[in-house]
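Quick one: structure below, then a few questions.
Chain naming follows the written order as A, B, C and D, and within any one chain the residues start at number 1.
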């Protein structure tokens, strides 16, 4: 698993560990890996973990090798991504912003799948869930390059699923809506700040508080409330399980009604 | 539950009963209701059931009343439909074919939801799954009016979800691909027969056997194999459960990779 | 053409007449037919027209017969629909509302196509445009049965296109966003009135004026301004023309950026 | 315009020149630029042109500068892309293949828009059409990284449209199906060759000829015949024109019925 020490990734890791899976966590930061392992150990859920910058070939190989060494094989993969600079207006996007989003959210995910699938093939099959976003279906200009990268993840799922089906490997996606995480909270504050100063396009917000802003977003995007990371864990666990044996190539929106696609 | 005595509906009923739910089956035919109840009783799964032609207001009311009388309230609804005359070319569709598909697959489903939701509201919430089809996303001319009715079911889910969200009622859809049921088997044979005689548009099938035809369909629609009814039961059970608390307004394709939508 | 005496339908009729097409208008009301013919005559655009309630088999036959009698054949069809009771909350939808929307917007349209296509086939081909709506992609609960019927129209286009392709007949859809017509204006006022009294779900609108409400809708649905009926005419004319010879089965959104689908 | 010296791009350039537009062609190869200019000159259609590798910042700036120098401003942009190595199986995709597709088809297009839009803003508005593909909606594993890049282009259009709407700049997409071009012909042959040797997933093609293969593709993807480059030119011309004033953020499929999305 990548990006699994906080937020949605961590909730998924905990859920899988609770269900008895052998979990290998990873994150780009050692302290996050340590904190996640300690927290789960305190819940009597022993997991392994390593630092992994999934953009780096060597790191991807190490992560896979750790799973093989520890548990002798790989059956499941949940791959998330933790871009820092997501809340970027599309018109102000620099080459650096662009590369950060497209490399971390998309390229790294693809090449991790390439690293992993031969090991699933050896075991006779497997199940992969890639973390996308509702923004992949209904992009927002002020979260521009991130939105584009997530649309691309959806496309990636669509070509990987039929390619891996003959090996009995399923590939699906999770498309979370607005989930209460560090990232979404920061995005909300960022977006709110921008709206206070940038008048015009999105209405007039002279005295914006976060509560009002959330209400505003709910109206625009049609969801009922913020989701919790744990509310994403059930569907990932389900998609990875054999109970989902006839589901592949699908992207499941967990958005509380977020207006996305038909 | 409607149309729950055979195929997908029956698999869902059994699954829910196995998980301890109080299930009320229904079907348009008394013998199907009896057979289903007997079969589940033999598996030590006691369920209730009644004849219900969901096109009739009175029958819908009776079905709901039975659930209330038996169990004191309604928390979940799975509504399927069992059209007989599905495999109809769109160009040869009569007013009777049209009405049969649009009334049974769509209208009856909608008014059953209308009958049920106030009872969920009294209980503080609930969860509804409507049975759609991949044909709702990728219609086939030779299954014309059925395809149109299923596209409409998808639209219905999209407007019901936000309308019922304030009552804490979630509404989702199941979109099965080609599942091994009486209906799909009959459709395959019908379609194969038609292809033998109608040359041109779909290639040349002088000596068609069902196996070859299935391979042909797999190539066209991209799925890996026929699904089993049981492979639809897990996701319905999941969507109805509180584990799916942040999923509403979504339609989940269970199609083994069937080419449907991005 | 159906529903072609006002709004979008009229704008399309005028545009086609300007380009030299032989146009047969229709509407359910004689005075609307007369007014439209007079208006176009005053612009030196002679067109024919007749009363036609497209829900009635006889009326559809008469409309087709008129075109055949006048001009010897049919090459193009633009079919719209003019439901009166569109702005209906899905939860309050009666059987009467349901039937009105599903029959007029969907059933009538389908059977008109059935009536027309053999005449196109005789001429060696033709082009059909059916009027759908962005609400078919992104339904709104307070315009419930209308939204569902328009989703179904999209499904109908998808099955008609491959069925008619061997006859060299193309079938596409127009999906207008919020266009300045009698209907949209009335809808806006209706919706605004409802919002004033129904607090909660959609914010608080004690003193709503139409201008503020429009701004509010723009924010929610992402479009830049109201469209004009004439802004739908160009694309319909284009789709009907041979310039669109390789476009079939597509639904074109004319919504000024209205948030609809990827 | 980029990639406008052959195939679809060239057909669009010719069409716009026929309608009196001042056209600036470009391509990565000088001989292609020369040939295109000569050909159009022979048709009495004078256009400008330059070599431009749109992946390079400097080249993009030069292309824009040429248009400004020649004609004093920019009103329209059609941006295509001409990847050489498109027909690549997703499972065999190297980092080099990946970068080639994602950089040329997506990144270069985005930064060209960034270069161009301020000049449109100065003129009070403009219209942009980006070349996507049906593979962006319905990706094919054997054209893997290309499919992903085109899905991403669709996402890019969706975020650019609302961002540029306040400047009166519209952004739409063209999604061609299988068009008779050097690229599609080569792809067909490549794919056919692969199918002959790789048995299993896609059926058995011992003695494949191109005609049979085309019939096979038609059955799979539902289109009626190969399209001609000229059949893409009309819609691009239309979308760029003021006749499409209320169409923005849309992607128009020109696929002869190619099975893509609802």
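As a working rule, a contact is a pair of C-beta atoms (placed from the backbone, for glycine too) under 8 Å apart; a residue touches a chain by one contact, two chains touch by 3 or more.
Nothing here was measured: the structure is a model prediction, and the numbers come from that model.
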item: Chains contacting each of chain A and chain D, listed by label; value: B, C
item: Most distant chain from chain D by Cα centroid; value: B
item: Geometric centre distance via CA averages, chain C-chain B, whole Å; value: 30
item: Centroid distance [mean C-alpha coordinates] between chain D and chain B, Å; value: 40
item: In chain C, residues with contacts to at least two other chains; value: 138, 151, 154-155, 158, 162, 166, 261-262
item: Residues of chain B that touch chain A when the two form their complex; value: 154-155, 158, 161-162, 165-166, 177, 222, 224, 227-228, 231-232, 234-235, 238, 241, 243-250, 252-257, 261-262
item: Residue ranges of chain A touching chain C (in the complex, touch as defined); value: 137-138, 151, 202-203, 215, 219-220, 259, 261-262
item: Of all residues in chain B, those that touch chain C in their complex; value: 89-91, 93, 95, 98, 102, 106-107, 110-111, 114, 117, 136, 138-141, 144, 147-152, 154-156, 158-160, 162-164, 166, 200-201, 262
